[in-house]
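Before any comments, here is the structure.
By letter and in written order, the chains are A, B, C and D; residue numbering begins at 1 in each of them.
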Amino acid sequence: MDKFQLLKNKTPNKLKILNDPIYGFIQIPNTLIFDIIEHPYFQRLRRIMQMGFSNLVYPGANHTRFHHAIGCMHLMQKAIRVLRFKQVSISDEEENALYIAILLHDIGHGAFSHALEHSIVNGISHEEISLKFMKKLNEEFNGQLTLAIQIFEGKNPRKFLCQLISSQLDVDRLDYLKRDSFYTGVTEGNISSDRLIAMMNVKNDELVIEKKGIYSVEKFLIARRLMYWQVYLHKTGLVAENMLVNVLKRAKELAEKGVELYASSALHYFLYKQITKENFTVNTLEMFSKLDDYDILSAIKEWTNHQDRVLSTLSKMIVNRKLLRIEMQKNDFPDNYISKKQEKTAKKLKIAENETHFFVFKQQISHIAYNFNKPILILNKKGKLKDIAKASDQLNLQALTKPVVKYFICYPK
Amino acid sequence: MDKFQLLKNKTPNKLKILNDPIYGFIQIPNTLIFDIIEHPYFQRLRRIMQMGFSNLVYPGANHTRFHHAIGCMHLMQKAIRVLRFKQVSISDEEENALYIAILLHDIGHGAFSHALEHSIVNGISHEEISLKFMKKLNEEFNGQLTLAIQIFEGKNPRKFLCQLISSQLDVDRLDYLKRDSFYTGVTEGNISSDRLIAMMNVKNDELVIEKKGIYSVEKFLIARRLMYWQVYLHKTGLVAENMLVNVLKRAKELAEKGVELYASSALHYFLYKQITKENFTVNTLEMFSKLDDYDILSAIKEWTNHQDRVLSTLSKMIVNRKLLRIEMQKNDFPDNYISKKQEKTAKKLKIAENETHFFVFKQQISHIAYNFNKPILILNKKGKLKDIAKASDQLNLQALTKPVVKYFICYPK
Amino acid sequence: MDKFQLLKNKTPNKLKILNDPIYGFIQIPNTLIFDIIEHPYFQRLRRIMQMGFSNLVYPGANHTRFHHAIGCMHLMQKAIRVLRFKQVSISDEEENALYIAILLHDIGHGAFSHALEHSIVNGISHEEISLKFMKKLNEEFNGQLTLAIQIFEGKNPRKFLCQLISSQLDVDRLDYLKRDSFYTGVTEGNISSDRLIAMMNVKNDELVIEKKGIYSVEKFLIARRLMYWQVYLHKTGLVAENMLVNVLKRAKELAEKGVELYASSALHYFLYKQITKENFTVNTLEMFSKLDDYDILSAIKEWTNHQDRVLSTLSKMIVNRKLLRIEMQKNDFPDNYISKKQEKTAKKLKIAENETHFFVFKQQISHIAYNFNKPILILNKKGKLKDIAKASDQLNLQALTKPVVKYFICYPK
Amino acid sequence: MDKFQLLKNKTPNKLKILNDPIYGFIQIPNTLIFDIIEHPYFQRLRRIMQMGFSNLVYPGANHTRFHHAIGCMHLMQKAIRVLRFKQVSISDEEENALYIAILLHDIGHGAFSHALEHSIVNGISHEEISLKFMKKLNEEFNGQLTLAIQIFEGKNPRKFLCQLISSQLDVDRLDYLKRDSFYTGVTEGNISSDRLIAMMNVKNDELVIEKKGIYSVEKFLIARRLMYWQVYLHKTGLVAENMLVNVLKRAKELAEKGVELYASSALHYFLYKQITKENFTVNTLEMFSKLDDYDILSAIKEWTNHQDRVLSTLSKMIVNRKLLRIEMQKNDFPDNYISKKQEKTAKKLKIAENETHFFVFKQQISHIAYNFNKPILILNKKGKLKDIAKASDQLNLQALTKPVVKYFICYPK
């Protein structure tokens, strides 16, 4: 197939192999994939950390979305090899579309991951932005991404292709759990992506796991749950992320009032404009493609000297890692507990009461370990399928389908 | 303290450091410990594999009880360091006793682990034999093992000392799960011994785990359960182990009838004598200390040519890894299913019907993931203790307290 | 000792343990060390990558100077434990000074490591700046860093204390080689820090290696050499670093002419002022302490739109990873080879000839694998010392004492 | 191709995937390979440790020749994939022959590796025995091993096929260095098999390494050298191996005199018969195929009680790990040094002077790190080949071509 030709001696200057501390070597399968990786949109992911401020808790966690996406592509290569070995037919075109779809599945993520979505880029999800990027790239690459986009949107009739990109056991999760566990040093979150992939199969066009992989799936679910509560929802990380959201919200508030703020042109654009899903133009996409962790953190560093007390105080706390205190519990906090903290804070920081919400706030978090609406299917030897929650002989996975809810409150020390 | 002097330049010929693929380096803390390790009783453990015939399934699993015991000692050093850092007082004498107790906790294990207990060394458990060894060594070492024995027997008033040796989260398990997972390559069984030890504390003289270790404990329980079903109770391993028991039973039967059998003197002793708890003398102990995997497997190899058809057939099947077929299920097998298999086998192998039970047999296995009678206690920040099964916010560990029962049947292919 | 009290239950909010993907857990030994780590000067290291632009080649290499410094402290704890076990006396005060000295040994490094030293912060080395930071901190901490400074300056009469901080086998190298190898995924550069430390001893106040560690030292030297040529001096990394130097030089040129440049206040300070060793005041130090990778890279991103053609072109090339071509060889390049490239470049990029040196330049690099002036000493069993280059039985380490020189030239594709 | 059909659903009972602690999963490529692995000749390798008595020094080193052979097959799969990617044509038949040849390359190894060759199976090398096994298997498998045998014998015109099986950088070494380093815990011997394989290519039908792999080859040679001196020729290991040779020699001496010895029938055969290359019949091969570590060690255990003082003393020393003392140095030992030790030993052990050579003996060992007669060839970008010893820019690999010679003497403590 012409357009997917292999990277051979003909293209000696094209990078063929990447080192990965986790998988050893990662091979770039062909020149189209290579060119997509080289595109500035994709290179931007080098400047966005996968885990945002988690490095304040786990100093090893500085890995980037770039590396994660490349890792996903590697696991996809393995998955395709396994499925073909089991005589699932996957065409070369589908293969390539899977690589593209998984490489680009997170390309719409903003700087510091989710923080932007809750502050300055509202009303449009990162998935929607990913789709915009993919469509733009599809134009540049003369339609070669069409099938990838169909799969990314979940519209391909062969469901397993879509499930490899997005499901409870997709290649994305197989990489990020492994990768985040590796870089944080939380070895308990480590999963055996290799074994899970080796157990994959396809039945009735659905992605399924063979029965002897049942303990591996259980283990995967438990490891994921552990990673959520111990890492992704770690108290210090939560504080830092919320403080980041607040400092950006404050900046936007000031921008709306016309106050001048140090900001790169990309950040300036999103601070001073009201972007919604409706007015998210090609130009907006271009500006978005310039925005990364460096814009945000360098601005915050500068804001430490801003005359606005709320902005500068929050900024200093973040930069010097003097974070708010956090309390977390199973039940909600009473309103007067918060109001008292706010009063105290107003005095202590010499700010108005209606500004204390930047420093004193509560929130509810919730996590579902297993979503029974989109079950992980187990294939037994007789070819029958069963929801893992029912196939498991003991673990009472049913319990994992209930969301766990916790509440936290933050306030100055 | 004289008797526990460090291994220093004075004793340059004494081995100080051992390589361990898992922990890097293991230090032998003093000369008493060194001398115990050098004792022939302990050196015997070099010739007993930790996982018996599991290497027929997992070819990497050839690690020995010797290495496991040494690994336990290493983890005990870590545990003591952590507890002392948390201001739990542990005297030098107690420290040493803990090393001795954990080194020797399994010294009474027979060749091929549990197989002997079910065939030629009946009526006495390996724990009882361990105790006999410890008492004998205590004589040789002039009473220096007295405290270790008290701890091993669970009789020390400071309960946590005993719990470090034997409990649901003892140092034994912390090593063997990690080690077995490592050598089998079943990475999913890997546990973070380091983190679990870092979370240890003592409250009311009980060994407890600090609250932020709760996910690690859950993970540990799930990993252990996975190891049981995927490794320790792996179908092929079960078949091989039961065939081993049967070949030894048959040999004993023949020995009782006076049939001559190739056997080392140690094996000969246990085949031709009826050993019970009552007549297990010092001499028996000495013979037991000569018996290891090499006696058993070299005899079986020789028995492949024995004239007894049952003995030689079983032996050949083991040596050449032509194992019986196994079926496993949640419900018991009907009696006539077995009797039909037995009829068929009698004809096929040309043996008497009353000999078919060596080739056709069923069995029930059962495993409890968490024993709520001896709970793992979680210590919260206010200093209160809670059973992990109740402290866990979701996992429904309660479900893990119910035994999982399965049935299997073996018969010739 | 009051001032070095352990981090115990009294200070429950002080972070005690850090995760490290390489070593597992790292313990912070006491509150003084903790407070130094918390200081904004030290926290700055979180925002400086250890390997600068090497992540353009090895996407996993995003680890920070913060993590490296902490890792060094961990290895220092091990080294002290080993040496004390071998009856080398090290006082509590010396122990603490070693922790401080190793934590701070690199605190004077600028953003993107060495790039600053060759562009905007001239005439003063990072070691000198480290010393300034240490003296400033010593004031803040009431003289508690005095001994650490003496050791850092190499002025302590017990030479081994200084050698642990700086020598051919110091703790710094033991961590960075291991860490850089780990994060790049270049497993061949991995060294056994544990074994090298286990082989350390002190003789005549010199840090020495016991004879049976000789192969480990050889291996260490070879691994280091491999890391230099394969990683630190990797062609793509060299190009990127030199382009970074050039873009900063150009910016400084423009600044000197009064051209306006987007820059954070810290970067602005160093672009628009002429800083030398002589006028490096406390205020300069304060500004330096604000400058990190985020200032540099966010400025370069913005400069991609600057009207100066040289500045914007270089910036775009860096941000989008469209790097110059590089050729490397053992011999120097002839002058006319370069001048031809420059002519071509002037035309292609539409810039003046005297500006082409930003895009076309050659350089000589040189690396010595083993410096025989400060030999690594091997201690044999009779207590005699020998230079490793002579103690090695075959490897001809002598050859490693000669510098390897290479030349490279860069120019636009 | 019929005879090499993949292991698919049709053969559900055939083992498809093996766990390996080093590589994760190893796939068995087809049913022919599967059947060879299942053959009793090959299964015997499960009972022969790869490193003989090295586990007396490195307690983790209990891995078997079985596992090593399987590991080689896995690396061969990788090598073939890499070479084909680089457009080296390898037919399906050649591929299969490579798997067979590498699986069986060591099948002629005796129990405890080299010890047998120097004691009871003289005058025929293990390579010659391997060939006998392969020819026998070729009959059983109807000629399907013919091409494999040709490659194993080095007779295939495409030299690189033979070099993959046997050369200075063959797949055998790539596995055993990695595996032995892994199981001993001597991490410094670890090599990057993956990278070396990734750098393989074929030029003029020779196996070559691409230029950018040069540092990896250097590192490989140094790691190998380190493994030899630190592990394979470790003093304690040398003592134990020589004692093993001596105990077998003594047994053979006694057997020749008609003294009765406990021995399995296979061991009996080789003790009481004089086997030479000339009378090594099919029957001899069959007996050889029964002989493994278990025969040897269980006999030695029994011999601890033999009336022959030399035999029993040596046996006890081995079993209880009370080994002889060893001295090693660069120069030969003077004759009178030995004769004095022998006199002393005769008295101490109450044996005749002409029996002391079993306890007091000296030996010369020699190792060449790099054999320039069969150079490792480096392929530069212009397609030219160079011996690595000349291509390396500094390391003076020339020095590695000289054999290092050492002398050791053993005697009772």
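Just so we're on the same page, contacts are C-beta pairs under 8 Å (C-beta built on N, C-alpha and C of every residue); 3 or more make two chains touch, one makes a residue touch a chain.
Everything numeric in this text was worked out from a predicted model, so none of it was measured.
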>> Using C-alpha centres only, name the chain that sits farthest from subunit B.
In response: C
> Across the interfaces C-D and B-D, which one involves more C-beta pairs in contact?
Replying inline: B-D
> With chain centres defined as C-alpha means, what is the inter-centre distance between subunit B and subunit D in Å?
Replying inline: 32
>> Taking the mean of the C-alpha atoms as each chain's centre, how many Å separate subunit B from subunit C?
In response: 49
>> Averaging over Cα atoms per chain, report the distance between subunit C and subunit D in Å.
In response: 43
> Residues of subunit B that touch two or more other chains: which are they?
Replying inline: 24, 187, 195
> Which part of subunit C faces subunit D closely enough to touch in the complex?
Replying inline: 187-188, 190-192, 195, 215-216, 218-219, 222-223, 225-226, 229-230, 330, 369, 393-396, 398-400, 402, 404
> Once bound in the complex, which stretches of subunit B touch subunit D?
Replying inline: 18-22, 24, 38, 40, 43, 46-47, 49, 55-56, 58-60, 62-64, 66-67, 70, 182-187, 262, 264-266, 290, 292-295, 297-299, 301-302, 305, 319-321
> Residues of subunit C touching subunit B in their complex?
Replying inline: 6, 8-9, 17, 24-25, 85-87, 194-195, 198
